[in-house]
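These are the structures, in structure tokens.
Both complexes below contain chain A, partnered by chain B and then by chain C.
Coming up: the complex of A and B.
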């Protein structure tokens, strides 16, 4: 298993090198500094989404649902739109982007705990109900967001429009530092509880029997998921099926229940898909197809496949 | 000693348990029987802190359930779920290894490894130790879970209807193992059973519940009678004695 992680690490390293060097012309120092920032953003998103998805699947004891499918990032956009609508774009722009992001993270944590905490307790045994609830919630959040966006001034709309679509080629660089800090803190907290996550994955009865309170674990994980989803959504916008694609591939490659191995593998796998995919799309195919479309297409296929296979 | 003192429990408007008080001394197999909805499973999950107490007190070896730290209780009492499916791809060895978690918290020592090896040996799991749980038969899987609880090394083991989905051979094998755990290792096994004949054959003590109250409590020989079946299950099945053991003719 360690060999496989090392192999994933090598592939990611190669992808990063390719991303930085292919097609670079002129002043190397400038190009590298410019690309390194975007690369940093992509890697942050890769780690944040893959870890958020992995631990979410662990506490819900399933391998199909992800925070994105349950509407976490739709909720983030709703909160963002509500803030622009409430404050007005002028005052919104006047506030520092980092402050707004921090406020959004706190709001999303609260909202996620209230909404998804209750949902996970009542419906965890019924996967189809959870999927449906997630789809309905996402649509609801998106509709309210769209409604708010129509109510606000077109100039103000421009502020949120940029945030509402997935865009891997235009990482919000001004938020990188704060995002890196938040991701680092959340990931450190997750690494701390990696052994607990192994036990929580056994389901509520066994983890209680082994002395890990599943409810407490669930709260903790929901907060961490909310932070990581906020980071990712703030940097590149909502990506529904990216997390699912990463975790499904990770479970295939890493045939182990241990989070000490699953977590690094998922982070590397996420990085390979994002950086490798972005290199191919941006450098080789000349941005003809946005990576988000390809990732969503493949992730969507995986989602359908998992759902149908489970039905049988 | 498990001490249950004045425990009542309601779900919605429904009274599930009414002022139940019981003492369960260490050692032996204790079977909880009763009709559907009598409160057997609820009582078991209250003892195991799967549900929070509403009124009354339960203590296990002096540790008050609901107040004592989870990991302290995990070294005294283990419960196995009814539904033996896990999402992650666990091998038998992984699963049994989790039994040591309350002691090592994810960093197993050589002693933990030795105890896991012992559990695999005692439950004849060595040949299938590397196999993934999903590929096992119901009986093998049940055996792996009991081996995990054995490795957890707790004085008390709680099982909720473990014989569901097991054929007669697997059921008898499981009950025999539980009986041996109680007799040879001094463990206390508390088990919810639907089939009274299994309870009569393997339990040292039977507690019969009906509508949230204890109706009868004692060794099978004494309490399994025509009258009890009428009182508890409201059915006219006859009880016969075969080899001095009560057998319900269904």
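Coming up: the complex of A and C.
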């Protein structure tokens, strides 16, 4: 298992090196500094999304659900639009971007706890209904967001527009530092409870009898997921199936239930897909299509495959 | 009785729809009123009614064929398939006539709905909610393919138009294709009995002497024509085909010969009401009807999902 993680690490290193060096011309110092910032953003998103998805799947005890499918990032965008609409873009822009992001994170944590906490508790017995609810909720959030965006003055709309589309090529660099800090804190917290997660993955009954309170674990994980999803959505926008693609590949490669091994492998896998994919799309093929579209396509196929295979 | 009441309400709403707009009819010259109504207000009202009725009936037929109350063409890949067809026709044959666009859109819509039904045949009947879930993701995957193709051909702007239905561009000469969709919906009434039998399942319908495959194919073709035409002329409108048949089947049961007229009236009413609301809420600007129905429809869907566990299964 450790060998596989090392191999993943090597591939990620190669991908990063390729991302930094391929097609670089002129002043190396400038190119490297410029690209390193973007690379940092991509890696942050990779870690945030893959860990958020992994622990979300752990507490829900299934490998189909992801925070994005349940509408976390749609909720983030809704809160963002509501804030711009409520404050007006003038005062919105006058506030520091970091402060706004922090406020958004707090709001999302609260909303996620209220909404998804209730949903997860009531939905334990009927998984499909819960997933369907999540999907419809994200349609609802997106429609309300679209509604609010129409109500907003077109000049003010530009503020939100940048955040509403997934784009891995243009990472929001000004939020990088705060995002890195938030991700680091959340990841440290997750790493701390990695053994508890192993127990929680056994399901509510077994983990209760082993002395681990599943409800408390759920609250904790929901807060961490909300933080990580906010970071990733603020940096690159919403991506529905990326987390799913990462975790299902990780489970394929790492045939183990131990989070101490799964977590690093998932982070590496996420990095490989994002950085490697971005290198191939942007530098080698020179395609105009954003990577997010391709990831959505592949992730959607994986999701269908998982659903159909479960039924056999 | 119900039908009469429904038509009365619909007529009043249509009158309201004719009267509201940026130009105040009482303030204009009498000679200008008629061209305004003929060229803009009337086409818009008729387009909303036709779209709503056709989409609701298409949803009803799709639900009958799939034997599942939670599917509809616009979210299960048919609408996205239609968008793919238009994109292909515009990209491959620049300046393609509307007829060709429509034909290709209906053809790809048919292919993607055949694909959807091939997928859900493999799902177990014990998990009814799996079907709409697979449909939503299937639609999303085709949607991603459409976005990819649009990026490669620089047509992302068109995609936005097709993916989000609205009626603000409806003028005389630009909506008439919708009459065909209405006609297709009307024709489905003639085979309503066959569709009702279809809802009893493949075994039972074969036992009753129904040519199962032909009738299913007929239904799918009708759904695809309606989806293709709607996406070409106004864009995608979600949830109409989902919510309306569910509500009507509670009122009138599953006998389609009795239910279909009500379905058509209610669908037309829902879309018209959403359009009127969208026109008034940020007057003098407009909210696309797709957005309004996205909000209202999602709420109604959640209500169906949670309020009616006993009835829905």
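Heads up, the rule we're going with is that the second predicted complex is superposed on the first by the 310 of 312 C-alpha atoms of A that agree within 3 Å, B and C clash if a C-alpha of one lies under 4 Å from a C-alpha of the other, contacts with A are read in each partner's own complex, and residues count from 1 in each chain.
Just so it is clear, a contact is a pair of C-beta atoms (placed from the backbone, for glycine too) under 8 Å apart; a residue touches a chain by one contact, two chains touch by 3 or more.
Source: prediction; values computed, not measured.
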Quiz prompt | Touched partner set for A:240, first chain B, second chain C, both or neither | solution = second
The answer to whether chain B or chain C touches more of chain A is C
Go through the superposed model and pick first if A:255 touches only chain B, second if only chain C, both, or neither.
first
TODO: State whether A:202 touches chain B only (first), chain C only (second), both chains, or neither.
DONE: first
- request: For A:294, decide between first (touching chain B), second (touching chain C), both and neither.
  value: second
Is A:211 contacted by the first partner chain B, the second partner chain C, both or neither?
first
Exercise for the section: Examine A:144 and indicate which partner it touches, taking first as chain B and second as chain C; both and neither are also allowed. Expected result: second
So the chain A residues that chain B and chain C both touch are none
In the complex, the residues of chain A that touch chain C are 126, 128-129, 131-133, 135-137, 139-140, 142-144, 146-147, 150-151, 240, 287-290, 293-294, 296-297, 300-301, 303-304, 307-308, 311
The answer for chain B against chain A in the complex is residues 48-50, 69-75, 77-81, 83, 86-90, 94, 98-99, 101-102, 105-107, 149, 152
Interface with chain A, chain C side, in the complex: residues 70, 119, 122-124, 127, 129-130, 132-134, 136-138, 140-141, 144-145, 147-148, 151-152, 154, 164, 238, 282, 285, 287-288, 291-292, 294-295, 298-299, 301-302, 305-306
Chain A contacts chain B in the complex at 57, 61-63, 194-196, 198-199, 201-206, 208-213, 251, 255-257
